[in-house]
Each structure stands twice: as structure tokens, then as C-alpha cells.
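Labels A, B, C and D are assigned to the chains in the order they are written; within every chain, residues are numbered from 1.
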Amino acid sequence: MEVTICDPQFFGLICAANPSINKSTMNITLDQAETAIKAAKEKAKQLNTLMNIAIVDSGTNLVAFAHMDEAWIGSIDISQKKARTARYFNMPTGEIGKLSQPGGPLYNIEHSNGGLISFPGGVLIKNSKGEIIGAIGVSGSTVENDHAVAQAGADAVK
Amino acid sequence: MEVTICDPQFFGLICAANPSINKSTMNITLDQAETAIKAAKEKAKQLNTLMNIAIVDSGTNLVAFAHMDEAWIGSIDISQKKARTARYFNMPTGEIGKLSQPGGPLYNIEHSNGGLISFPGGVLIKNSKGEIIGAIGVSGSTVENDHAVAQAGADAVK
Amino acid sequence: MEVTICDPQFFGLICAANPSINKSTMNITLDQAETAIKAAKEKAKQLNTLMNIAIVDSGTNLVAFAHMDEAWIGSIDISQKKARTARYFNMPTGEIGKLSQPGGPLYNIEHSNGGLISFPGGVLIKNSKGEIIGAIGVSGSTVENDHAVAQAGADAVK
Amino acid sequence: MEVTICDPQFFGLICAANPSINKSTMNITLDQAETAIKAAKEKAKQLNTLMNIAIVDSGTNLVAFAHMDEAWIGSIDISQKKARTARYFNMPTGEIGKLSQPGGPLYNIEHSNGGLISFPGGVLIKNSKGEIIGAIGVSGSTVENDHAVAQAGADAVK
């Protein structure tokens, strides 16, 4: 069994026990990032949505970005924060949000790192070996649509 | 029937189905902004309140501002953030707040864009063609009063 | 003789010896601020310029603001920083700039207070008793024009 | 003769005499932005450089971005600041730098707007009617190369 994300139920334990799952010495290339953006835009159009799409590398630095015409201006920043949040903790952003609720173990973690976004729409990008090479963040519609578009973008990178 | 904002009940769905409702290539003029501020101040006096009133253009840049004597100093920033928040997502600020509660789909979205304000008092401003040309944010009293004053300001612009 | 600003030649000495010249328990009213903006806009039109005009109170809080149509977007922030800089040190912004040059006594003071603007265009506003009640910052043209428009705004307040 | 930017030699004078040159009610589309990035990347390769390329709309919001593989990470931010700086003042970034030197009229203007970049590499983007629709910022090599790549990107948009 390959553990690909830190199970929120065992958050910290599994991650701590398997530091190798955080390994990422490879960075996404611009070609790969543009492939992800192209696939994400296609999915966005298929869902009849207007999205902002951001790709960061394994160091959380911005690699590529696209703001679809008339997409929400406020989502320019959110899409980038989603991509960074996914890579900061090596899990989909929605998993963080489950843990950051009032009474939860990571309550208000959003205050860190210049502001996290912890609802769905941020997804890791891996290469064909399963190594983390970056992340994609999508914002502009429902969180379900945001996540679906982000996943489509991530899946397009091999 | 013309849908002018994204109904929170169907958040994303209506927006997705009507991408044209996000269209905004025009900017509010200073004359229009000052008309909005004048109307907002009159409404504020009528409600016996002391308000801060901010107007931003469709790019969220500040166009005009007024701080009524002895109004809350902390609301200078809030009124500007409300105006920006309304334009960032093309809906009244209070609609965002309904979605950003604990357990809600946009929990802690307020951490984005240098800080959002997601309670009522921010309203879009449209021209006679229904195009978004900017937004108004009002802060200084109850959120009900803040919203009423913002709406009065927005309604004064044709 | 009434010392109205801290002579840069004796910067610190006169200010230190006459703390009373910094006294300002009075705040500009919105009416006064709007009078200053109206006069500044008239002067700006007379000079055929497009200005951003900001008024702060004696606590450096924003009281009123106007962005003339198509004026530089980058000057929205600069006009506010000029107004604050003038009040921070109770002198026209250009005086700070003389002291903040390489080798000068206040070299790179612009790094303080979230960013100062130390070239002309920021001027104190006083009431009829000579008490500081706020400041005006203007940005959008040459520094000479910026200063002239700011002075016209300040002079309109009695 | 149509004056398209504010000649630094007559800084303010020409701008004041031609307020219409600042007009910009249109925003660049994503298609146009991607055309600019493609042309900029080609020019960058031709010059044997590794660039970061950012496109903002007329409201200075990010529309598209590309980080060429192994380009300077520090230039991710600089390219975006160059694009914003060009639009903030409607002139190439290098013109600002001529005026912001020690002893110059705009000394330390870089402290405004969350940080400006005032050396070459930021250029306005206009449509076929000469209207400002956004700006491009490029960073990763010498300022001469940065400017050449930015210009190539801007020229590709009709």
C-alpha cells in the first residue's frame, strides 16, 4: 500500500512515520504546468465555469497562472493560496479545512504562511513515479467544481 | 428574468450558467462615486448613524472615500475591504459570510486578498445597462444599517 | 515669531525645544476635508492635471479621498502616503526628502511606517488658530504640480 | 502625432496636456495575454535567457504568468511588480527609475503600492485603438534583455 497523503485521522502520525512521502526534489516544468492549465481550462469550460488557475512548484513558487475572462478577481489570490496550501502540507486543501474548524486540531491554521485557503480546490501534482513536483489551485465556482477542475489539471501531468 | 447576483442557495450554479453576469469592462467615474457618497451620507443621517463610506472601481481601486465626523476609526479599513470584497466576488458581502461560517464551503475565505470582510455593508454598483462599474462599502453601525446605507449609495448611481 | 514647521536645518532641535508646535488635539471635519478636496480638484483642472487627493486627520487616519477619472492608479496609494508623511513629522513631505538622501541624516527613513513618500505633494492642514488638524496628499503630475494642488487644498480650510 | 507615453523629459507636462492618453476602460483578455507570453518566451529563447513573464489587466490584476524552467525565483515577484508599476503610472518602468534616483524628483517612490520595481522590463499593452488594456513585466536577465522581451510580448497583442 502506498500512502499518498497524510490521513487526517492520523494527521502527523503517518506523516511523521513516513517522512519519505513528503519527498520532492523534482520541480514541475513550465511545459507540464501549461499542460495542466490547458486541461483545467477545458474542464472549466465543460462545467460552464470561469476559473482562476495557479500552478506552483515543489518550493511553492508560482510557475504558471491563468485568469479566465470575467472570472472573479478575488479568486486570483485564492487560487494561488490553494496551490500553496496543498503543497505546504502535501494534501488536498479540503483535508486541511476538516482539521481547522472550531474545536479541531488545527483550528485557524489559516493564519499561517501569509494566509492559507483550506477549502477544496488545491491538489498536489505528481510525476509518473508518484513524486510530488508541485500543486494546482483553482478558484471561481463552487468548491466541488473548483476541486474537479484542479483534479483535471493535475491528472493531465504524467 | 435577469439574475443580477449569484444566489447563495445555488452558489456557483447560477453563476456558472450565466457567465455574462460577471461582465464589467466599465469603471465608475468620480462624479458617480461622489453621487453615491452623497446619497449614502444622507441615508446615514436619516438612520442617525456615523458611517465610513468607500467606493472602488471595477478593478477594486479606491475612487472616493468619506469618514463622517466621529465615526469609528476601525471602520475606515473595514468599509474599504467591504467594497473590495463585493467586487472580488460580484455579490453583496453578506452572501460571502453565509458561506464562510465554520463547516461552510468557504470557511475562512477571509484570509485571502489581504483580508476580506464578509458581513453585510458591501454592495456592487452598476450602470444603467446593468454592467458592474464598481462597488460601495459602508461601515460604522449595525450590519443592517451598514447594508441599507450602502444600498442607498449604490441606488443613486444610474 | 511663530515656528510652524521644524526647520530641516535644525531638524530635531527646534522640534525638541518646542514640543508645543506638534500639538494637535483637533481633528479636521469631513466638511473641511471636502472643502479641501473641492479646492484641490479646481486647482488640478486649472493646471490641466489628473490628481489623486487624500485627506487625513491629526491621527493620520483617512478622512476623505478623490481619484480624478483616469488619474494614475499608482498615485492612489502615494497620495495617502504623502498625507500621512506630512502629519507624521509635521512638515511638507519635500522637506523629509531633503534629509533622506544618501549621506543625509534621515537616509532611507521611507522604510518606516509602512512606507513613506518624501517628495513634494504632502502638506499640513491647520485651522484658523494655526493648530494642525490634518494633512493633504496629492499625486498625479510633476511634484511641483502635486505640491501646488496640495497647498491649494490646505489653503481652502480656515 | 500621437503621444503614447509621458515623455520623461517633459514629465507631467505632456501628460497634463493629453489627459486622454491615460484612458483605459478595456481589459486584456486571457487569449491576448497568452499571445503576449508566447511571443515573450520566443524572444527570451532567441536571446538565450530564462525569464519570468507576468501580464496584468488595466486594473493591475494578474491575468497570466509563466516562469521558464530554472529562471530566477526572485524574479517571479519582480516580473509582477514591473507589470503593475508600468500600469500604475502608464509608462515603461525604466522611466520611473530615471526619476527616482537620489536627488531626483521621485526619490524612493518604490516604497509605494507594496513595492514598485523601477528599472526596465515593464511595458504597457495597448489594443489596436491605442487604448491601454494591461501591462507586461519581465525579469530574469539584464534589464536590456528584460525590456526587449517585454516589448516583444506587448507588440504581439493587436
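Criterion: a contact is a pair of C-beta atoms (placed from the backbone, for glycine too) under 8 Å apart; a residue touches a chain by one contact, two chains touch by 3 or more.
Source: prediction; values computed, not measured.
When the interfaces B-C and A-B are ranked by how many C-beta pairs touch across them, A-B comes first.
Distance from the chain A centre to the chain C centre is 45 Å, each centre being the mean of its Cα atoms. Averaging C-alpha coordinates per chain places the centre of chain A 29 Å away from that of chain B.
Within chain B, the positions touching two or more other chains are listed as 59-61.
Because contacts link the chains in a way that matches no line, ring, star or complete pattern, their graph is best described as other. You'll find the chains touch as A-B, A-D, B-C, B-D, C-D.
Residues 29-30, 34, 59, 61-69, 73, 76 of chain B are the ones that touch chain C when the two sit in their complex. Those residues of chain D whose C-beta lies close enough to touch chain C in the complex are 11-13, 15-17, 19-20, 22-24, 59-60, 84-85, 87-90, 102-103, 105-109, 111-114, 116.
Residues of chain D that touch chain B in their complex: 25-27, 57-61. Only residues 47-50, 70-75, 77-78, 81, 97, 100-102, 108, 110-111, 115-119, 141-145 of chain C touch chain D when the two sit together in their complex.
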